[in-house]
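Have a look at these structures, which come just after this line.
Below, subunit A partners subunit B and then partners subunit C, in two separate complexes.
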Partner chain A sequence: MTKSQKNRIATIARYSILTVWALIVAFPLYWMVSTSFKPGEQWFAWPAVYIPDPWTLTNYLDVWTGRQELATSQYIISAQRPWIALGNSALIAFSATTLAVLYGGVIAYGVSRYRMLSEVRMFQLLMLRMIPPIVVVAPLSLYYSALGLLDTWIGLVLIYFLTSLPYAVWMLKSFIDEVPREVEQAAEILGAPRWRTLLEVVLPLVRSGLVATFLFILILTWSEYLLALLLAKTEVVTLPIELSKYQGSTEGRVYGRQAALSVGITIPLIIIGVIIRKHLARGFSFGMIRR
Partner chain B sequence: MARIELVNLRKEFGALAAVKDINVTIEDGEFVVFVGPSGCGKTTTLRMIAGFEDPTAGEVRIDGRVVNDFEPKDRGLGMVFQSHALFPHKTVAQNIEFGLRMKKVPPDERRRRVLEVAEMVRLTRLLDQMPAQCSGGESQRVALARTLVTNPSTFLLDEPLSSLDAKLRRELRAECDRLHQALKKTFIYVTHDQEEAMTLADRIVVMRAGVIEQIGSPMQIYSYPVNSFVADFFGSPSMNLLAGEVVHEAGARRFRGFGLSVRLPDRFNGVPAGPITLGIRPEHVDAVPAGDGADPDVELPVRLVEPLGKDTLLYFDVGMERPFVTVSEGIAMAELESGAKLGLTLARDQICLFAADGRRIGSA
Partner chain C sequence: MSSAVVVPAPGVPLAPRELSRTRAVKRFKWAILAPLIALFGGVLLPVLLLQLYFSFHQWTVYLGTWQEAEWIGLDLFKEILTEPRFGWSILRSLAFALGSTIGCFLLGFALAYLMHKPFRGQAFFYILFILPMLTVPIVVAYTAEMLLYESGPINDMISRLSGAEYKVAWLSDPDIALTTVMLLEIWNWTPFSFIIMLAGFASIPKEPIEAAHILGASSWRIFWEVQLPLLRPVILLALVLRFLEAMAEFPKTWALFQGGPGSATETIPVYIFLTTWQYFEVSKGAALSYVAMMLMIVIVLVAIRLLRREKRALDAMHVAARPGE
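Entry: the complex of A and B
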């Protein structure tokens, strides 16, 4: 076999494996979207219906406007609930993420420039994230109940902020490490006070990193389920909790509406991702600064 | 005006002493080059002058004032970094303008001074470019312009040319020299390149392992090195160092080693017998084809001939780690076959002797 033949086979093999993998990853997404357009009788149909026939918007109308055309279950959907959940999710996720990125950024700068935390401490910080949430949630709910934080949005913001802080510090530190110390020192010796160096030199250079970190943490908090279930859920309902209510012992299985809601949850993140994709590409490909 | 004094300056990083109690005074308007192998403490010294490192002990004085507790921006210095350290998100013009903006210079004057400086270092055509679009030499000129425009009393340059190729280095070296002459400011320049030091400096400070080995003009350092380290470090190719011994013979002193037996000039009459290192620069060895009627100090077969155009380098094997090198003018020797025997004669008045601890013996 010649070298070029070998190369061609390697390329074919590579693409075949990647294609299979892409299909495996994409199928649930496809299934979610297609189910959201299926009429009720096709949700459970066997053999499975891959392409909705006929296409229908009923699920979306039912979920997002509370309209009840197809009485597939005795459960009556309130028009407001998904919107309230969306509002809660947005408020909680954005607040917690903003806090985590801001505070994490300050810590990351301290670690990167002043070795504020030793390497052991940095690793311990990451270890915090490796404790399964279910382990801490019982004692946490006791604290929360004592502090009156159970079922409040502040309570959720606080716990999301704290649990995503390690990620924020680790990610942002790697971006700040990329900014050469000498660039800051150049600004310093040219007469820039500390805050102007940060604002005019460091911040613009890590902006893409900030955006990437922000989106990463936003996705985590946006889709968090366990803590939201155990620390809130009656007064403050987030989207993942709302979503779970479409499949329970009392409500039955309303796959179509659940899928319609899922699409609604996913779209905001996709929109944000598209808007900031320029930053994401740069933020996730390190070494952007010429030394 | 800036006269910079370093008094018993010391810097320790943990257990490592990078700079050990150095004392230098740099006069106003002087071009001083700190030179030495990597890790000798020269950059740490510069960074202490700039204010980026706090001395463990000792003082940095600018015009008589102790500035140890001054922020870098309050010392009135300008610095050019090895990595250029341009602001990658600002245009060339914005890079140059930065220092003026920080000093709250009004916009009109800012623009005027940026143009003026850009003219001076030939950057006018690049003002709207981003640093990433600039070549290495251009980046270095931007870094220089950015410092120039703030009109500092002293320029600190940390290996500014080490990332450039040889030709550009020579060009920018000349530019540095020209700027120094035009501005009449104090320049402190750090490099590991002895050639840069030789060509640029009014005075050279040779450092090794955190200690100053010698301070002097380029010619002093080259001709009268205080020890074998300095002798070896300066000059390209560097000085031949031959380990041997001094013997007393019929009232005179002779050096013996590597098949060589040389009668030493009278100025070495005080040297006791014993082991010693003889140093001679390649250009101070006369090489002629053997059997030319002359009476050479030693005859050796040439091992390698390296024609450089202007000169020809000849390498001889003397059983040491390093070959013995001589340089002969022109290309007369360029056609020499490897193995051809040459007679070598050492210029007596140029011989240096170094004691076992490296110290040079006897006056010049």
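Entry: the complex of A and C
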């Protein structure tokens, strides 16, 4: 066998394996999207219906506008609920993420330039993320109810801020470490105060890192389920919780509508994730991998 | 590497200007850390104390206020440490985490290996392959239900491909349920191992591989004797972080199974959840949480030890990959 034949076989093998995995990845997503366009009787058909026939927008209209006349069930979907949940999710995720990135950035700067936290402390900070929240959420909910934070968006913002802080600090530190120190030293020699150096010299240089970190943490807070379920679920409902309410509905399964809502929850994350795809490895590895 | 901008050489007396500068840095440092310390003192500490309180007092929501709960000492701990149900949930969690971590890793590693050299369509496959990780876990769970119920499309496809009618009870057979969640976890998080390993392959210095090629080594030998050893820190990172996340998995397990059928999917988080929010045994839930927390702290400390060691190797690799820094 010549070398070029060998290469050809290797190429074919590579594309076949990748295609198989691509199908495994794509099929559930395709099923979610296609179900969201299926009329009610095709949600559970056996044999399964692979392509909606006819394609319909009913599910989207039912879920997102509360349109009732075509609804096949008695289950009343309030028109505002998904939008309120969307608003809550956006408000909570954006506030917590903004706080985490701002504060995390300041800590990261201090650690990178002034060794404010030793390496051991930095790793201890990781425990905030690594210990599963379920082990503290029961006393936390009691504490929250004593403080009046239970079922409020401030309560969720606070806990999301705390749990995403390790990601923010570590990821931003990895970005700040890459900025050459000489620029700051020059600013310092020129007599610029430390805060101004941070705001006007360092921050602009790590702008893309800040954006990547922000979007990365947004993905995590947007999809969080456990804390949103246990610390707030009646007054303040986030999108994942709103979705889970369809599951418990008395009507049994309303797959089409679940799918229509799922598509709405997922699309923003996929857009964000694709934008920062080059930074995802850095994010998930707490900045330990920098590519 | 070092940030020795402000650290004076030891033994050298400081000039007054230097002294005020050191002080200013110290002030700066405490100003930055104060909110963090306040958060620890104001949120985490009280929560941990409350947990301790509940672990030693018998209280459920049916009894009056929790301040009047009865002191029962170590009874709860005796109860949970001797009950098989908790033991099983720990074993289940470990099995789930190990199985899904290994599954994610092997798949992610294989994909990264196939994709680490540029080829046509690389960007397309990369974007497609990261999608599961960007899908909200709860959405994964509900979509899985649409796919896996007994007359669902997965069974339909298995039936069509095999010619016989299969109706695998993915969601209701106690023998399969944990595997189902594991497969979902693998689908959901293989992208994590994939992107980490892909970054790992990218950061391997080219010279040793080229040298081995020139010396006539086969790609197989190069893989085992050059690439794999160089990838060790990245591999450990991918395994450790994934394992920790898998130990905490809750949304998919809960949304699909609530611990059932029977107790087939009752992992530690699910058992704590059931005890506290379904049986309302807050005290027992707190004691369970406490033991689970201790277990997790031990695991996390081991993980951190590993990560610290490997981080040095990673940092060195990072520098080696970009000479001239």
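In this section, the second predicted complex is superposed on the first by the 238 of 291 C-alpha atoms of A that agree within 3 Å, B and C clash if a C-alpha of one lies under 4 Å from a C-alpha of the other, contacts with A are read in each partner's own complex, and residues count from 1 in each chain.
By our rule, a residue touches a chain if its C-beta (ideal position, glycine included) is under 8 Å from a C-beta of that chain, and two chains touch if they have at least 3 such contacts.
The model shown is predicted, which means the values in this text are computed figures rather than measured ones.
Engineer: Of the partners subunit B and subunit C, which touch A:274 in the superposed model: first, second, both, neither?
Structural biologist: Only subunit C is touched by A:274; subunit B is not.
Engineer: So, does A:205 touch the first partner subunit B, the second partner subunit C, both, or neither?
Structural biologist: first
Engineer: Applying the touch criterion given at the start, work out whether A:182 contacts subunit B, subunit C, both or neither, answering first, second, both or neither.
Structural biologist: First partner only.
Engineer: For A:127, using the defined touch cut-off, is the partner it touches subunit B, subunit C, both, or neither? Pick first, second, both or neither.
Structural biologist: second
Engineer: Examine A:191 and indicate which partner it touches, taking first as subunit B and second as subunit C; both and neither are also allowed.
Structural biologist: Touch status of A:191: first partner only.
Engineer: Answer with first, second, both or neither: which of subunit B and subunit C does A:6 touch in the superposed model?
Structural biologist: neither
Engineer: Which partner, subunit B or subunit C, touches the larger number of subunit A residues?
Structural biologist: Of subunit B and subunit C, C contacts more residues of subunit A.
Engineer: Counting contacts the way the document defines them, which residues of subunit A are shared by the two interfaces, the one with subunit B and the one with subunit C?
Structural biologist: Overlap of subunit B and subunit C footprints on subunit A: residues 185, 289-291.
Engineer: Hey, which residues of subunit A end up touching subunit B in the complex?
Structural biologist: 180, 182-183, 185-193, 196, 200-201, 204-205, 289-291
Engineer: Going by the contact rule set out above, which residues of subunit C touch subunit A in the complex?
Structural biologist: 3, 5-7, 24-25, 28-29, 32-33, 35-36, 39, 43-44, 46-48, 50-51, 54, 66, 107, 110-111, 114-115, 119, 121, 125-140, 142-147, 149, 151-153, 156-157, 160, 187, 192, 195-196, 198-200, 202-203, 234, 237, 241, 244, 247-248, 250-251, 255, 268-269, 272-273, 276-277, 282, 285-286, 289-290, 292-293, 296-297, 300, 303-304, 307-308, 311, 314, 318
Engineer: Tell me, which parts of subunit A touch subunit C in their complex?
Structural biologist: 11, 14-15, 17-18, 21-22, 24-29, 31-32, 35, 43-44, 46-48, 50, 103, 106-107, 110, 112-117, 119, 123-124, 126-127, 130-136, 138-140, 142-143, 158-159, 162, 165, 181, 185, 194, 219, 222-223, 225-226, 230, 239-240, 243-244, 246-247, 253, 255, 258-259, 262, 265-266, 269-270, 272-274, 277, 280-282, 284-286, 288-291
Engineer: Can you name the residues of subunit B that touch subunit A in the complex?
Structural biologist: On the subunit B side, the touching residues are 50-52, 71-73, 77-79, 81-83, 85-89, 98-99, 102-103, 131-132, 143, 146-147, 150.
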